[in-house]
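What follows is a pair of complexes built around subunit A, which joins subunit B in one and subunit C in the other.
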Partner chain A sequence: MSFWSNPILVANEWLTGLLADLLPEAWATLISTIIGVVVVSSFGLILVIFLIWLERKVAARFQDRIGPNRAGPYGLLQTIADIVKLLTKEDSIPEKADKLTFNLAPIVSMIAVLLIWAVIPFAPGWIGTDLNVGVLYIAAVGSFGILSILMAGWASNNKYALLGAFRAVAQLISYEVPMLLTLLVPVLLARSMGMMTVVETQSTWFIALAPVAGIIFLVSSIAEVGRTPFDLIEAESEIVAGYHTEYTGMKFGLFFAAEFLHAFTVGVLFAILYLGGWRGPGAEQYPILGVVYLMAKSSIGYFIVMWVRSTLPRIRIDHMLDLNWKVLTPVSLALLITTAVLDKLFAETALRVPALLAGNLVVLVLSWALLRMMSRKARRERQVFKKRPEARAVQP
Partner chain B sequence: MTAMQGVFLFTAGLILWAAFMMVTRQNLVHAAFYLILALFGVSIIFVLLDAGFLAVVQVLVYIGAISIIMIFAVMLTRGDVIEEAPVNKNYGWALVLAALFAFGLIILIGQWPAVASLAGEIDTSRDLAAELGVALVSPEGFVIPFEVASVLLLAALVGALMVARPQKKGK
Partner chain C sequence: MEQNWLFIGVFVAIAGVFPLLPIVIARILAPSKPNHIKLETYECGMETVGDTWVQFKVQYYIYGLVFLIFDIETAFLYPWAVAYGVLPMFAVIEGVIFILILAGGLFYAWRKGALEWS
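Right after this comes the complex of A and B.
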């Protein structure tokens, strides 16, 4: 195995060999684990610098602008300049704020996103830890994100920040339901909750077996990140900036970076669960290719997230909750049941893919028809003719 | 002392400290944060016991749900509660009862023979999460308690819906 086909494995073997000569085995394992953690989280943190530039460039194109183009070639150094600006800003803490919680919140928000990367399978054999409950783990660490927003909103001692935090909890906990249900669909199809197994069993990408579930997963994940059109938690026309109203400088920067990294992580998860992860020609022999495939597939999901962000306006809070509880949750429940039944009936047969695809389409058409019927009924109820009060001249 | 024992002692200390801080805080939101820390410590203990599934469920259920409880804590209490929080005057009795209960439990558990013996090694090659799943739905396993629990939850869900349902006009 040469270095260029599997650099992580080679580097790991070299490092373990080096440490084994110097230290007892338990310490060598500990140190190489810590180095692994640092490498994976640094990858995420450095990725953010590039992502912010990418997002600004793409959003600019959608709005018929050029975007950052002054600092460095194609404006690539713009984010570095922004970071320097954020670092030199005054770090202000409100006088009546809860200092410890206030300072802890941005850190927790970043940790919550980085924790997801621990179970991301980059390539065959490249995974932080192959938990046998990896998919459930992703849902579990998501609750740290909610917690960080609540910490920030409450500790700021600011009405708008607290309102933003309340909205965030309502939205994030609601959208966790369809997200979890659509996370279960790949689990059902792969017969395992381990992320590596989910990728390995995708000889047919799961987007072909469960397209509707994939789309619902992407939509509810966008809501989970709190991006436009679901950015009611930081709606500037109503509640200033939501939970991070009181944050300045790099503390705000951490929230910002966590949001960008989370948005890309959504793309990564979509690629792993529905687009076959690192699978592609030659990925088994040359794991480095698997990373390239995974990043390319993740960019598809991330591009959709950016596309939606620059196209749609913010939705109203009752529409946001209606969409979740009246559309996404019932449809994903129906999909889960359909997938479970069809996958059991047609397991190991050639009909598996067409049957599951047809089941998805039937659920889609039925829910569409039901929605149209209900919307027509609601419109009829609204149109009941009522005599309007007329203006009349008052007789003296 | 092995590394595992060190981690265990540190975590156990953290849990006890967080639990103590939780019950002594006058600020409800601070108490909730310490509760989260204590519950997170419990999930670390689960990880040390090779019970990954339970550890993840611990984080998912408790830390996820506590955010909602904290919202209630914020909404249902006065903002200026920090300085002079109301103190329940019966705390002496509660202390006596809790101490009695704790000692009773310690004595009872001390008499249990399994405490003194070491647990056997867990076979980590088996997929324990999958076996748990099968046990929950197999007739030889726990299918009846499992189904009863889901009916209970369904009843709670329907009940909550009925309570929250807006009354129709004219009734």
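Right after this comes the complex of A and C.
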């Protein structure tokens, strides 16, 4: 095993050996854990600096602009300049605010996103910690982000911020339901909640076994991040800036950075759960290739998030909640049933992949037909009421 | 196993330190000249009227309740999904019946108008 094929493993063995000689075992474990944590979490933080530049550049191209191009080559240092600016801005805390909660909210929002990175498998053997309840852990810490938005909105003591927080309650927690249900589908297919096992069992990518579930996962994750078209929690034309109206300087910057990192994390999770994670030619021998594959696959999901953001306008809150409760949730429940029954019937046979794919398509077609039927019925009713408004009084 | 959770515990602590750092640096670098006008509630120049923490639309609360039911019931499905590989067909059907009851609950909430925003 040479250094270049698996640098992390070699470094880890060297460090563990060194620490075992110098310190008692408990201390050696603690210190190597701390070093591991610092490596994983700083990877996430360094990524943010790059991501903000990337997103601004891509969004600019969508709008036929060039984007940041002054600070450094291709504007790469633009984010550093922004951070320096934010650091020197005055941090004002409103008089009426609930001080402790107000100050804690941006920190909690950053913690919530960073915690997800603890169980991300980068390559074979490269994982913060391979929890045996990895997927459930992601679902659990993902909800922390909502808590931070509620804290920010409530503590600001500002009507607009509070409205943003209320919308967060309605929107983010609603979209958590289809997200949790579609997180279950890979768990079913992999028969394990460990993130490493989920990747290892994907000899066929799960997107081929459950394409509709993958799409629902991506849509509900976009809503979970609060990106356009689901950015009602910070709709600037309605409620100023939503939950971070009262935040200035670096505290605002932390909310901002957390949102960007979360958007990319969505891409990473999509890649791990549905696109085979680090799997690819040669990834087993050269783990460093696994990281490259994972990042490339994550960029697919992230690019879709940016694409949707640049394309679609913001939708109304009642439409958004209807989409969640009346379309995504029933469809993901149906998908869960189809996957569970079909995978049991055709397990270990050659028909497994085609059967699951066909099951997904049947669910998609059926729900599409049902939706068309319902929308036609609703349109007919609206036309009747337009011609004879008194008909509405008769209807319950 | 304990080592895994030790990692998570350390991660929580360090993930808390990372966002704290820029806030502390900003406190040192940034100017601080607060005055009464600056620290008022921001409403685009208007003076704020009345209390913020007032009664609000009950619909938000109903969505919260519906979510709570679904969240807990979905959490029950995770152990079933992990054991799925060793379960016989009968146990899978039982799980499906549980999901159908869940769907029945959604349908009930729908018919009762809990999912209408009006």
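Points to keep in mind about this one:
Keep this in mind: the second predicted complex is superposed on the first by the 384 of 396 C-alpha atoms of A that agree within 3 Å, B and C clash if a C-alpha of one lies under 4 Å from a C-alpha of the other, contacts with A are read in each partner's own complex, and residues count from 1 in each chain.
Simple rule for what comes next: contacts are C-beta pairs under 8 Å (C-beta built on N, C-alpha and C of every residue); 3 or more make two chains touch, one makes a residue touch a chain.
Since the model is a prediction, treat every value here as computed from it, not as a measurement.
Applying the stated contact rule after C-alpha superposition, one finds that A:89 touches subunit C and leaves subunit B untouched.
Taking subunit A as the reference chain, the count of touched residues is higher for C when subunit B and subunit C are set side by side. Of the two partner chains placed by superposition, only subunit B is touched by A:101; subunit C is not.
In the superposition on chain A, contact of A:26 is made with subunit B only, not with subunit C. Within the superposed three-chain model, A:166 lies in touch with subunit B and with subunit C [touch as defined at top]. Contacts of A:150 after superposition: subunit B is touched, whereas subunit C is not reached.
By the touch criterion defined above, A:38 reaches subunit C but does not reach subunit B.
In the superposed model, A:213 makes contact with neither subunit B nor subunit C.
Residue overlap on subunit A between its contacts with subunit B in one complex and with subunit C in the other: 30, 131-132, 136-137, 154, 162, 166, 169, 173, 176, 192-193. Subunit C meets subunit A in the complex at residues 1, 3-4, 6-8, 10-12, 14-16, 18-20, 22-23, 25-27, 29-34, 36, 38-44, 48, 52-53, 56-57, 59-60, 63-64, 66-67, 70-71, 74-75, 77-78, 81-82, 84-85, 87, 89, 92-93, 95-96, 99-100, 102-103, 106, 110, 115, 117-118. Residue ranges of subunit A in contact with subunit B, taken from their complex: 26, 30, 98, 101, 131-133, 136-137, 139-144, 146-147, 150-151, 154, 162, 166, 169, 173, 176, 192-193. Subunit B makes touch with subunit A in their complex at residues 2-3, 29-30, 33, 36, 52-53, 56-57, 59-60, 63-64, 66-68, 70-71, 74, 127-130. Of all residues in subunit A, those touching subunit C in their complex are 29-30, 33-34, 36-38, 40-42, 45, 83, 86-96, 103, 106-107, 110-111, 114-115, 118, 128-132, 135-137, 154, 157-160, 162, 166, 169-170, 173-174, 176-177, 180-181, 184, 187-188, 191-193, 240, 245-246, 249-251, 253-254, 317-318, 321-322, 325-326, 329-330, 333, 336-337, 340-341, 343-345.
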